[in-house]
Amino acid sequence: MSLDLVIVSLGVLLASALLAALAGRRDRLALALGTVGAVGASVLGVAAAGIRLAGTDNLVAETPWRLPLGRIAIGLDALSAFFLLCVYLVAALAAVYGAGYLKAYLGERRIGPAVIFFNILVTAMVGLVVARDAVLFLVAWEAMTVASFFLVTFEDDRETTRRAGFTYLVASQLGAVALLVLFALLRARAGGFGFGAMQAAGAPPAGLAAACFLLALVGFGTKAGFWPLHVWLPDAHPAAPSHVSALMSGVMIKMGIYGLLRIVTLLGAPPVWWGALLVVSGAVSGLAGVLYALAQHDLKRLLAYHSVENVGIITLGVGVGLLGASRGDPLVTFLGYGGALLHVLNHGLFKGLLFQGAGSVLHATGVRDLDALGGLARRMPVTALTFLVGAVAISGLPPLNGFVSEWLVLVGAFRGGSLAGGAGVAAVAVLPVLALIGGLAVACFVKVFGVLFLGVARTDAPARAHEAGPLMRVPMVLGAALCVLLGVAPLVAIALAAPAVLEVGGLTEVPAGVVGGLASLTSVAGVLLGVTALLVLARAALLRRRSVSVGPVWACGYEGVTPRMQYTAASFAEPVLAPFGAAIQRTVHAELPSGYFPASARYDDHVSDMAGERLLVPAARRVLAAFGRVRVLQQGRLQLYLAYVFVTLLVLLIWQVGAAGR
Amino acid sequence: MTGAADALLLLVLITGLFIVWSGRLAACVRAIAVQGALLAALPLVMWAPGGDVPVAHLVLMSVGALAVKAGIIPALLLRSAREAGARREVEPYVSLHVSALLGAGLVVLSLWLARVLVPPGPVTATLLLPAGFATVLLGFLMLVARKYAVTQVVGYLMLDNGVFIFGQTLAGSIPVVVELGILLDLLVAVFVMGIAIYHIGREFDHIDTRALNSLRD
Amino acid sequence: MEHLAALVLVPALLGVAALFVRGTRLQVGALLAGALLHLVLTGAAWVRRPDGYADYLRLDDVGMLFLSITSVLFAAVAVYAVGYLTGPTHDEPARLYRFVPYLLLFLAAMTLVAVTRHFAVLWAAVEATTLSSAPLVYFYRRGPALEAAWKYLMICSVGIALALLGTFFLGAAEAAVTTGPPGLALTDLMRAAPVMPRGWLRAAFVLALVGYGTKMGLVPLHTWLPDAHSQAPSPVSALLSGALLNCAFLGVLRFFQVCLASGDAAFARTLLLLLGFVSIAVATAFLIGQRDFKRLFAYSSVENVGILAVGVGLGGAATFGAMLHAVNHSFAKAGLFLLAGNVLRSYGTTDAGEIRGAVRQLPLSGPLLFALFLAIGGLPPFGLFMSEFTIFQSAIGDGRTRLGLLFVALLAVAFLAMAGVLLPMLQGESNRPPATARERALAVVPPLLLAAAVLALGVYLPRTLDTLLHAVAGVVGGTS
Amino acid sequence: MNGPIPVLVHAVLLVMLPPLVLGVVGKTKSWVAGRIGPPIWQPYADVLKLLRKGVVMGAPTTWVFRAGPIVGLASVLVAGLIVPLAAGAGPLSFEGDVIAFAALLGLGRFFTMAAALDTGSSFEGMGASREAAFGAFTEPGLFLVLAIVCVPARSVSFAGAWTALPWDAWGPRHPVFLLAAAALFVVLLAENARIPVDDPATHLELTMVHEVMVLDHSGPDFAFIVYGGAVKLFVFAALLVHLLLPVPAAGGWVGAGLLVAGVLGVGVLVGAVESSVARLRLTRVPGFLIGVAALAAVGVAVLLARGQP
């Protein structure tokens, strides 16, 4: 039943993409068709996921269709169903938003391709999570890459966009190489490409398992954006249209997490160092991500770096889960994996919401530079409110959903502290790191929200701003509502994630205590809202007979205050970043005021990603240089070419015939 | 009477060395014609006494070889060389004396090769393999060392002569049609090369192949 | 017998006839008639395998495969060429009489390569392909074209001469062990192979590998290839890359079959692997930052023949992959060269650096070129992914992990190198005034069909083709 | 005590006591300085006075500006309901509440800073950014302290760990707990904007951190802020007391008395520090806080090195 629904939804997606393609130059029609298709498919898909998560049966279907190798085998277990839910949920919101967002391009450029490839991207992701055959998996994986590549390069008349697209292509392909090797190794052992066969082959020997795990870490980590494999991410996500950024940041990069978990289920019991390695990786990604985000002035780039951060948090969760699994502690395992999976869903929701908010701002002002904006809350109230919800959620604060998943991971880390040996140390190490990440995230999103929506407009760009249209508002409101729902009712969230968690962790039932704790989170949220309401009423009552006047802001008695004197994003982030000066490479161009009557002063800083500038680019240069040396071969002189033939012949003759002679 | 065959092959070797050493186009071409004539005689000398190959076949072969290797092709080359107005070889990549020495060295190498590669079947002429190898290698030397298109074609011809010598090991086993086909191929090849040389001469008004390395990476 | 003779003679006679007529209409008629008849005859051969005459004319599975590739490609190229040469040309008025006859003779020669099992005939036929295609390379009477043709002629003739030497060596080896006169027929050779003197057999294979390898474009014997492909008219480039390289590969395979029969094939595999990997690596180096996009495609052909060699060298399932790859690559690369012709026509240059926004400039050819670029880069769901992945995973499966890693890594770099050159060409705003006329069907339909074929082969392998490929793989040392 | 009484006691303590702690701090400072100083219940008076006044809104402000003080106070109050005061577990205590506690404080900080930025004043922006930085650097230390107490107890709640300290075994693990107490005291100073991190008594905007952030709040809003600050200080003091005195072990009214005494003692301690230590340069503060975190990390390391209890 549920699997059939998935197949139907895939059909709907492809059909709508095809129709949109046939619509040709009638972009409006294409947009309508594509959106309707995506939403319809999402409804079916969410239903399918729901049915599966409610039940327990693992459905598998195989077509006799013969790929040159491998078959088309699909299945829907809890893990697939959970990710299916995430994909379709975020995709539906993004699609509706896109319907409003892309209208701005009508007449300016063809938007047909954007619609088509959006639906293809969703198709590929769904195919990926239901694939039960390595070849099909790889096909879906590459289709996902290609579709998203075309979406990223939608505005390919911009040089930056083209470069971003190329970087993305390079990263994806190098990652794909790791995956090819990974699956070839697994097949060589199992004798077949089917995941079933690989499962049946049992846990591989330690060496092979380690190799597979590392390959998966590189291959899937590139897509997921593990530091330092994330370099494509902060370029690609801003380049794409905002609803695509929402989809890519919200779910596409999570496909890497899905792949990692899927492979872990094939590799048998994990040793401790896997979990420890993931904890390290997650810590680095999380910290680097949030720090670079703090240093950004470009709104979408900042959000992209936060995706790196949140993937880091997810990785920490997976790491804790692995640590628990390595020591056979069901509680820690469940808390770690549960936090990770729930954060996948949550981050999909609030990051989608935030990118949509960013899109609305971009749409309304045409500006992405934070320091050119300000005071938008008055002109775009809905966007401001929903963005605030997203900001609080991504900062991991109660009573919103981001807090729930981080709470699970943290509790897991606390409990993991009592695991024997290195596992305990690794688990406890998560605590200060995640705490620091959280604190920095709060700082960053206060900065973003404050500089964007509060205070006074810094330039006249925000002054012309207008609230987003209904098609763009509705998904933002819905997304915000979901963030609140999953935050105040964590039991709903865990009900969705639990089956998948049990499957990945190889557990039979939810360990005692988890549900109780989550229930108490509801009561905390309730009390919090109650007290807040009381205080609101109290304030109203106190002010009933009092004067409420509006006056100028205190500026030490100085009168000539102008909007440009407000604190900018750069100045806000300065004291937070200063202690990390060495860790993130900032180039500061400052002309500080000097003398009693300083004439002019300016300050701007720019951060260049260390992973790219210091690690990967030089490496690539070296490789290219190595290849470049070969090019002397082609001199253009015939005699030389004939000499090649001559020498080759002699060498091979003497080598082989000599061998035979002896 | 392997003696006669060996004598022939010795002469072939000498002409080959002469070509490698000579600097004048006309001389090269004439020498290659001579070599062709010598080779044309080879089948008769080698196989006629044995009698296990129909004489008609051998005669046909020899006449064909004579016509092509010693007649038409050299004429073609001389003509295109004249049209291109080339007389003396420009300073080759490898000076003539050195190339003569190299040639000698190659002869030695081919003697070694022939020793490693024990001849199968009945030994009809002790010099067959060494001469074959040597001619092939000398042809290569010409191809690599010379700058004029014509001399390079001469090198190609010598290479082909070398191959022809090896072909003698199985004379008569290949149907006449095919053998003549192979000869025809050679003829057409040189014909097309001749046309190319003509065009080169017209395009660059000389046939120094140094003009021909504009295509490179 | 008659059937096979017809396959060779129809194009040959049409070509000879075309030498003596001038009219454009007649030339076009001859070309299309030749292509069509050849296609029909090939199709008929699928229905009922024609009987041959000894081994001089015989169509076995291997030949069948390469014959089919050649025939299909030629049909596509012929249709395209009509539009290409009669349409508005950017340089000189097209002289069909200088094109059609040689093209038909070229087809005849390639057909003969496919339908013979006799080594002397094979040799003559391969040499004939060189001679008949050299004038085509020199079609545009320009200095560079002349240079390219000259190099093509000299290098390939020398190579072929070596192949003849190899053939003679094989004959000598056969003569050493058979009582009767040596026949140079594949059947006899394979029967005699087990007892042949090893030295001569090996020498023969080395000579053949170097000789036919020159024509096939294996590094370091490939030097003529980029020049010829970039200077020849695009349809010719398509045929050279798509069909000719395969014919030369067939020559190598024939010698390899004898080695297999002799039970001493390990050394041959080693050589194939060596040259194959060298080809892939060196070609990749030349792909990086290549400015001339026709040379880019040419080097990509070098890379792909390298893949074929590696596939056969690995054996096992990889051989099947190699055979599948031969089909995929021929179609994809021919399509690419045809589209390159369209781009060249509309931009008037082969310098990738001077081309922007081809997708917008050429709304049909541009996206098609993009698709075929992804295909040649080995991305699913195109056929080349399946064939390359087959080769790779069989390497891993046979425990040759290092070779597998090297293989896949090199392919990835090659793809990225091509992307680095092609993406700037395809993306962005066009740097040419918008095209006045729509693209002509003749220029778009043939590459479109080829692309469709490559895509189809990626998602579905027809039963008949599958069985044929497996049969071929079984014959040339793979697991059938 | 049992039945509803503990909750009642908890609520009363939480609501009534905080300003007194502020008063104690102030009294201590003036006593050390040799002045008589304001009466000890002065803070109560201040809050009541402010509650009776009207408000002046900064021109650019929106609803966020009004939400700041309210959410700020609400979050600390709820946090106060989580921590144990007199009689064992707090009313809202549950497994994992320590994390909720920290997160609630973060929520309060978020809205206070947002409200500051809402005024568009560069001074308040400056204050908010400093608050953000110090807050971020305080978190790791806090969580490491929590780890020291929670990990050995195999519980992630104040009720399960803090009130269950092994007082009977006044032994090998206690040095670690003293370390934790020291670290927690610094966290307390930082979280409540006291010297050496911040100086509540300064009158120059450019040197303020917390104060400058709330410059434009007035009337009840400012009352909420002042009172909220007091609650925060009180809550942290209570936690510190639990690390140092066996309040729950004493139990019942004795425990309550012990707690009150301890909290006021913490007030005296804070006052003493404020009057004896100089304030750090702003740029030094992060390093100072990180150093404290490192101290706590050492504690955790020792704990884990001892092997799991």
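The first chain written gets the first letter, and so on, giving A, B, C and D; residue counts start at 1 in each chain.
Please note the rule applied: a residue touches a chain if its C-beta (ideal position, glycine included) is under 8 Å from a C-beta of that chain, and two chains touch if they have at least 3 such contacts.
All of these numbers come straight from a predicted model, not from anything done at the bench.
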item	value
Chain pair showing more contacts of the two, A-D and A-B	A-D
Chain A and chain D: spacing of chain centres that average the CA atoms, whole Å	35
Interchain centroid distance [CA atoms averaged], chain A/chain B, Å	70
Inter-chain centre distance, chain A versus chain C - centres from mean C-alpha coordinates, in Å	44
Approximate Å spacing (C-alpha centroids) for the pair chain B, chain C	31
Residues of chain B engaged with two or more neighbouring chains	116-117, 140, 143, 152, 209, 212-215, 217
Multi-partner residues of chain D (at least 2 other chains)	none
Residue list for chain C, restricted to those that touch at least two other chains	150-151, 154, 158, 162, 199, 203, 226, 286
Chain contact topology (line, ring, star, complete or other)	other
Which pairs of chains touch, using the document's own definition	A-B, A-C, A-D, B-C
Partner chain C, residues of chain B touching it in the complex	116-121, 136, 140, 143, 149, 152, 156, 159-160, 162-163, 166-167, 169-170, 172-174, 178-179, 181-182, 185, 188-189, 192-193, 196, 199-200, 203-204, 209, 212-215, 217
Residues of chain D defined as touching chain A within the complex	51-60, 62, 64, 66, 70-71, 73-75, 77-78, 81-82, 92, 94-100, 102-104, 106-107, 109-110, 113-114, 117-126, 128-130, 132-133, 135-144, 146-147, 150-152, 154, 156, 205, 215-216, 219-221, 224, 282-283, 286-287, 290, 293, 297, 300, 304, 308
Touching residues (chain side chain A, partner chain B) in the complex	631, 634-640, 642-643, 646, 653, 657-658, 661
Chain C - residues contacting chain A, complex	150-151, 154-155, 158-159, 162, 198-199, 201-203, 205-207, 209-210, 214, 219-221, 223-224, 226, 267, 271, 281-282, 284-286, 288, 324, 357, 374, 379-381, 383, 385-387, 389-390, 392-393, 396-397, 399, 401, 404-405, 408-409, 412-413, 415-416, 419-420, 423-424, 427-429, 457-461, 466
Residue ranges of chain B touching chain A (in the complex, touch as defined)	93, 113, 116-117, 140, 143-147, 152, 209-210, 212-217
